[in-house]
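Going by the order they are written in, the chains are A, B, C, D, E, F, G and H; count residues from 1 in each one.
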Amino acid sequence: MRLVIDESRCKGCNLCTLVCPYRIFKPGTTANRRGVIVPELDRPERCANCRLQHLYGRTLCGVCQMICPDQAISWEEEGACEPVKVAIEY
Amino acid sequence: MQGNTACAEGALAAGCRFFGGYPITPSTEIAEHMALKLPKTGGVFIQMEDEIAGIAAVIGASWTGARAMTATSGPGFSLMMENLGFAVMTETPCVVVNIQRGGPSTGQPTMAAQGDMLQCRFGSHGDYSVIALSPASVQEMYDLTAEAFNLADRFRIPVFVMADEIIGHMREKLVVPDTVTRDDRIPLQKGNLPFRAGDSLVPGFPAFGKGYGVHVTGLTHDERGYPCATSPSVHEDLVTRLVNKVESARNTIASCDVINPDAQVVFISYGAPSRAVEQVLHDIRRDDVGHLRLKVVWPFAESLLSRFANAETFIVPELNMGQIAREIERHTDRTVIPVPKLGGELHNPSDLARLLEELA
Amino acid sequence: MSYDEWFRDDRLPHIYCAGCGNGTVINCTLSAVDQMGWTKDETVFVSGIGCSSRAPGYIVADSLHTTHGRAIAFATGIKMANPDLRVIVFTGDGDLAAIGGNHFIHACRRNIDLTVVCMNNMIYGMTGGQGSPTTPQGALSTTTPYGSAEAAFDLCGLAAAAGANYVARYTSYHVKELIRAVRTGLETPGFSFIEALVQCPTNFGRRNKFRQVMDQIEFFKSHALLVQKADRMREEGKKIPDDMIVIGELARRNRPPLGVRK
Amino acid sequence: MRTEIRFSGFGGQGIILAAVIVGRAAVMYDNKYAVQTQVYGPEARGGASMSAVIIDDEPVLFPKVTSPDIYVIMSQEGFEKYGVSVSGGAIMLVDSSLVHSRPSCRCIEIPATKEARESLGRDIVANIIMLGALVAATGVVSREAIEKAILDSVPRGTEELNLKAMKKGFELAEKVMHG
Amino acid sequence: MQGNTACAEGALAAGCRFFGGYPITPSTEIAEHMALKLPKTGGVFIQMEDEIAGIAAVIGASWTGARAMTATSGPGFSLMMENLGFAVMTETPCVVVNIQRGGPSTGQPTMAAQGDMLQCRFGSHGDYSVIALSPASVQEMYDLTAEAFNLADRFRIPVFVMADEIIGHMREKLVVPDTVTRDDRIPLQKGNLPFRAGDSLVPGFPAFGKGYGVHVTGLTHDERGYPCATSPSVHEDLVTRLVNKVESARNTIASCDVINPDAQVVFISYGAPSRAVEQVLHDIRRDDVGHLRLKVVWPFAESLLSRFANAETFIVPELNMGQIAREIERHTDRTVIPVPKLGGELHNPSDLARLLEELA
Amino acid sequence: MSYDEWFRDDRLPHIYCAGCGNGTVINCTLSAVDQMGWTKDETVFVSGIGCSSRAPGYIVADSLHTTHGRAIAFATGIKMANPDLRVIVFTGDGDLAAIGGNHFIHACRRNIDLTVVCMNNMIYGMTGGQGSPTTPQGALSTTTPYGSAEAAFDLCGLAAAAGANYVARYTSYHVKELIRAVRTGLETPGFSFIEALVQCPTNFGRRNKFRQVMDQIEFFKSHALLVQKADRMREEGKKIPDDMIVIGELARRNRPPLGVRK
Amino acid sequence: MRLVIDESRCKGCNLCTLVCPYRIFKPGTTANRRGVIVPELDRPERCANCRLQHLYGRTLCGVCQMICPDQAISWEEEGACEPVKVAIEY
Amino acid sequence: MRTEIRFSGFGGQGIILAAVIVGRAAVMYDNKYAVQTQVYGPEARGGASMSAVIIDDEPVLFPKVTSPDIYVIMSQEGFEKYGVSVSGGAIMLVDSSLVHSRPSCRCIEIPATKEARESLGRDIVANIIMLGALVAATGVVSREAIEKAILDSVPRGTEELNLKAMKKGFELAEKVMHG
């Protein structure tokens, strides 16, 4: 699975940056053509769901998706991620 | 049988399966009778916390596909105005009975009036049209209430049974017909847009729970039903259609009795005062005096006036200060004589007879 | 159906401001509905008027966007006329507790089988930031320019006193808990009330020292007090500070419900 | 022929029921037309209540009583409020146990409440006694019709009592009429 | 200054000391401005739980003798209908501002309309009359709101300021007059019956807390104020007086601009569309085209029509489907051309000019 | 003024049925007002619509007999516009808790300085005996011919949850206690709510096994349970039978009030 | 003081008969011209208020007056009652 | 002479304030007439917001903008929604940092947001830069008037910053106009 932010929906509130235990979302820097500064993804392959969805067959963690008020976060099929070592970054 | 009971029976015969309301004199017997009978027919009676909730529940029930109604009188009717506009905007079929009493305000709770005839036409904000029936007997309380459901379904609109305390409370003979004709709402054809109408101007009905996934809103909406509240043209098209679906059918919706079409002097009446006029005509036996008794008051079909080709004068006795007379004045250049009456008593036939004499 | 199939794709993005908490509550509610395995053919969403009440318009199921404050009364008609339908009400603090307060308490009293999700942003968002019955005393709004002089409702307390079977409060920060609470609400026969405190950066936050969206979320995070803990504090005679938000399940009981599926 | 009957008394005497029963008798069992009306309202509670019925061979057009042909008056206040303006040609039945005044028209005195209490043991059937008397004295509906209509309208278990009351009414009226 | 702010300022200048209301687009700025300013003038602003409570609180406040007002738009206005009837029946002076938006129902919350003109006249149950003003500029939002309080006090009646989203939301120059004329309600003379009126048909006002010991009820009442809900004559006398105190004064209440009284073609307008008509007249500079601009819409003074002795055609552009045109049709045998417009935008001056050309 | 001078002599006898409990509650209220030494020039009575709401019409002070359910909203306007006036509201269970429920809870929330006396006869008296939100479950009325299926409100519980400063319940049998409760209500700044259960022989009693006026009064007498005792029973884990009426002072506190005399 | 029932107000509900500790009110037997059976007074001089009002200068007991829904019970001035010995009769 | 100006951008840019300030300048300090209007509604939130002002020497009769003489466009969406139908004779000022498209009429490019951020350190004053540019480029109101109107309208403490922004706008426009 691949984590994606739908640029046409994201309004740049940065709530995702607050909740991901892996700090995968970083505040973006430049506005898109709608004037929105979409967050950037930092090594999204670390995401629990990217790694484990295929194993459990359901959404794991998913906190970013749930809190995203704009339904902008989702995962695209692309096969399981390579296993990466992750550490929770508080 | 009492008029109010006949009204409830007419609704039951028409397949009404939901009543949501709030008691108010002089309409309460309708709710009471429904409370007694609906549970036995598999229907639902619910007494809501007020009239606003009563009509809201009725509209909600109607969206499940059920025939649904409420009954009230002036003060409760006033409270329903906002949600009645919602019913118009969302094209929700429902039947609202108003047993009119003396207003304004609390006024005369136990006395008859026809003071809400313009309110039922104009009482909610914005432009719209509705259908209003006016029974003049216990029999018509039954017949017209049943017919109200057909009109509501056919035009997807609130239909009012605008009776009054006299007709609601009096008891007289009721002949229950063997069957009551049903003209149910047409379901939306799958694949069609829920608020796109064909030639009838009335779109098919997408009842909840049938997989339509329809969004229904009181905001100005496009044919998909989606809010679209800043487009002038979407609003104009929508409201124009809502009005035209009723107004353009006014001659087919119209229903009346015509007596002595060649008369020079013509009474126009609806509801209880019709009984006084009928008595006058019975007593005087003159064929130069005619009578147009309206069973459908709104939409007002001005073509009915031309059924009296020789009419020089229209006399309009009403239990109000001349509400329908105002409408008649718009459509004719003949003399219109309103005979307003306030206070709860019917026009006395002898007073009307005297008026005729004075005219002569 | 899967979770994201509940959205009306063709209507997104929604009209909410950037960072508005309403979107989060929609997510959590739909997630709970999805967990229940309900289908869009049996589920009906009802709402009144307000930003919060726009929610049903973004969901594929049948939905009725009614008049201000009346959602629960309409929903009562739907549910009583056809108890087979699952009826969920989205509402706001103004819609539910200002103009709609009476329908709210009566539905609780009847214990009718509805699940009501209130997005409480402590303000009238849609109309531009007037005080609501949940605006905290002292808070600023366009109609309380000198600070609100009136006490705020405890919506959950009211629901419980009026008779609801299930009552819970969380915030838009507590997404997992919120999903669980909505789910319990959906499972409970009778009236379920879930209050979700949400940030309204545009009309509440901005005027009340939450300059950024995050500030209010941080506040929710730091000022949430689990009901069990709050009870313990009360027992110990400790005062719970006025600005703490008691979260958790606040009532759960089994009074006879009205309008349940046969 | 249109006949207008007005009933009056105080709340609890069954004034409205009396009118309903007469109307029912006329419509259901005498094949006539009838319209029954009454006065509603809280003001009617403490004071005098009133009901009316119009019976006709043709359909009743004007549904309100304007000048009653027959009065049935069961309380003094009822007399004062609804019986005082009686026209000369009318007939009035009064419950002589409760009404002290007498009208200017022909008056039939029926001690209905007294008889109800004394011979039937229940005040409550005074109205049925008056009904019996009304029918016997005026023939507005047939005796068979009123009997059936009474049976239709009274609570189960009280049929016997009410028929007795009705017959008592017949008797009392006959006594007055024929001496 | 914004129209809504000017409205609030006009109220404050007229001595309004109580505002009870509930926010609704596009009227909210009035409440917001009152919330800001009233506490500074010793007045009271209270946001009620809904519009029903808003108008109720206003009526209550008025009975303490205070000048009191509320402001709303269509949906809220619909909810007020019952209590507005109560205000009429109890002869309670108060001012209700309606910044009209597109209806029916939730409709177009942010777009202009004049769809509630008949509702303000007929929206509550029973027969009654009211006064309705229609400002066409920010200046008039101030002036007419202030005047509304005078009319309310003089006639002891709810007075409506029926503006629209355009006038309410636009900003233009406001000249604040040095003083605002006040024409306050006349107190009841001690010893007089509280609901007995003299020639003016308006009884003196017995404010609460002054020892009158007055009973005020929405039931039909006698001159002492006591309920008397079953007497036809008491009801007739009361309601007739309530209507006549307004209708018989309609020519003195009337206020309008008359341009080119000799014209053959006459525009009749009120509120925002007046601005389009003014533009047309400014652009075409023809003296055979006249303009009657109504500042007072209700009571409708039909005598104003005869100020245009040569008029052959009346053109009535309205932001509705022809609500006031209906009233005009009743009173004239000249051609009446309604120019309805729905959707929130003003009539385009060039469209009106084209209509003139087509007529010629 | 003395107690009996508060009545409008020229309007008595009132329209209530024989044995109706409303008259008793008027007596007790006026007795309390009289004890306070208030004058008719400073006291205003407000009511909605219903038998109970006819009370102000029999009192010599200024009075406003308003629309059904709205008395408290009107009273709020009076009190806010002139806090020097003493404002007392008479209402019925239907008026207060059915159509008027929202104004009730909001006035409690605002804690506005009104005293509201509710004559709760558990029925709509004026309109002939329809069920009300306080009609006991199972009780008969013209709109619950098969027994009421809905739960009844605990009006006092609602008032307390919504924020009222003073809340008490008695019955028309408990005249001395009722006077004392109303008096405490009048003395308390902020919102005071006194619920008086009353018999309605015509429309409630008759249908619900109270054949005589006295039967219902006897019921009130025998089924009243003082709150202190009820609390003790609850503590001891004893169940309070459903048909007991908990009477006494149910809340008394000192939250900041609105609209008090300066 | 003399205890009186105002016949023009009394509606015959008999609540007074229920509450007087001295059982001064007895259900009446005959209807008056309004059809009301007004209670009868049994030795009203026993009434606490009749006896003691003058002593304390305020209404004493007064339960009957308070419960009477029809404002039919009151006391007329007539000087203090003769002292009579009374016993509460339950 | 009637001049119609339309502003558009996204929420938060102060599009409405800009129009209000111009209107104020005209009415209060240039002794002209003006009417300011705007688009309301939740739909306007996410997307493009629009406001307008009409300035005239005589009283403004028709209050709505029908064919603007001047456009001030501050976002691409604003351009697409409100700027695309521009007539040939109009002038359009665009915030060139945010608007990619260009109109068919005369266009003045002002990098307002860029300048606001880079030289003034606050995005928020981009609208005031545009105002300055508007006045310098078109003279719809006088420089003194716009200065006073700005001072009337901005929060206390930000006067300095806003005047700087205004002057920056003057400069930028002059640069474009005169080379």
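We take it that a contact is a pair of C-beta atoms (placed from the backbone, for glycine too) under 8 Å apart; a residue touches a chain by one contact, two chains touch by 3 or more.
Since this is a predicted model, take the numbers as computed values, not measurements.
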{"item": "Minimum number of chain-to-chain contact steps, subunit E to subunit H", "value": "1"}
{"item": "Dominant interface by contact count, named by its two chains", "value": "B-E"}
{"item": "Chain whose Cα centroid lies at the greatest distance from that of subunit C", "value": "D"}
{"item": "Whole-Å gap between the CA centroids of subunit B and subunit F", "value": "39"}
{"item": "Intercentroid distance (Cα basis), subunit H paired with subunit B, Å", "value": "54"}
{"item": "Distance between chain centroids, defined by C-alpha means - subunit A, subunit C (Å)", "value": "26"}
{"item": "Rounded Å distance between subunit C and subunit F, as computed from the means of their C-alpha atoms", "value": "32"}
{"item": "Touching two or more other chains - residues of subunit B", "value": "25, 49-50, 52, 75, 82, 86, 90, 105-106, 109-111, 217-219, 229-230, 345"}
{"item": "Sites on subunit F at which at least two other chains make contact", "value": "13, 16-17, 54, 67, 98-99, 101-102, 106, 126, 133"}
{"item": "Multi-partner residues of subunit G (each touching 2 or more other chains)", "value": "11"}
{"item": "Residues of subunit B touching subunit F in the complex", "value": "22-25, 28, 31-32, 35-36, 39, 45, 47, 49-51, 75, 105-106"}
{"item": "Complex contact set, residues of subunit A against subunit C", "value": "8-9, 11-15, 18-19, 36, 59, 63, 65-72, 74"}
{"item": "Residues on subunit C engaged by subunit E in the complex (per definition of touch)", "value": "49, 67-69, 98-99, 101, 124, 126-128, 130-131, 133, 142-146"}
{"item": "In the complex with subunit H, residue positions of subunit E that touch it", "value": "25-26, 109-111, 165-166, 169-173, 272, 275-276, 278-279, 282, 345-346, 348-349"}
{"item": "Complex contact set, residues of subunit A against subunit H", "value": "11, 31, 33-35"}
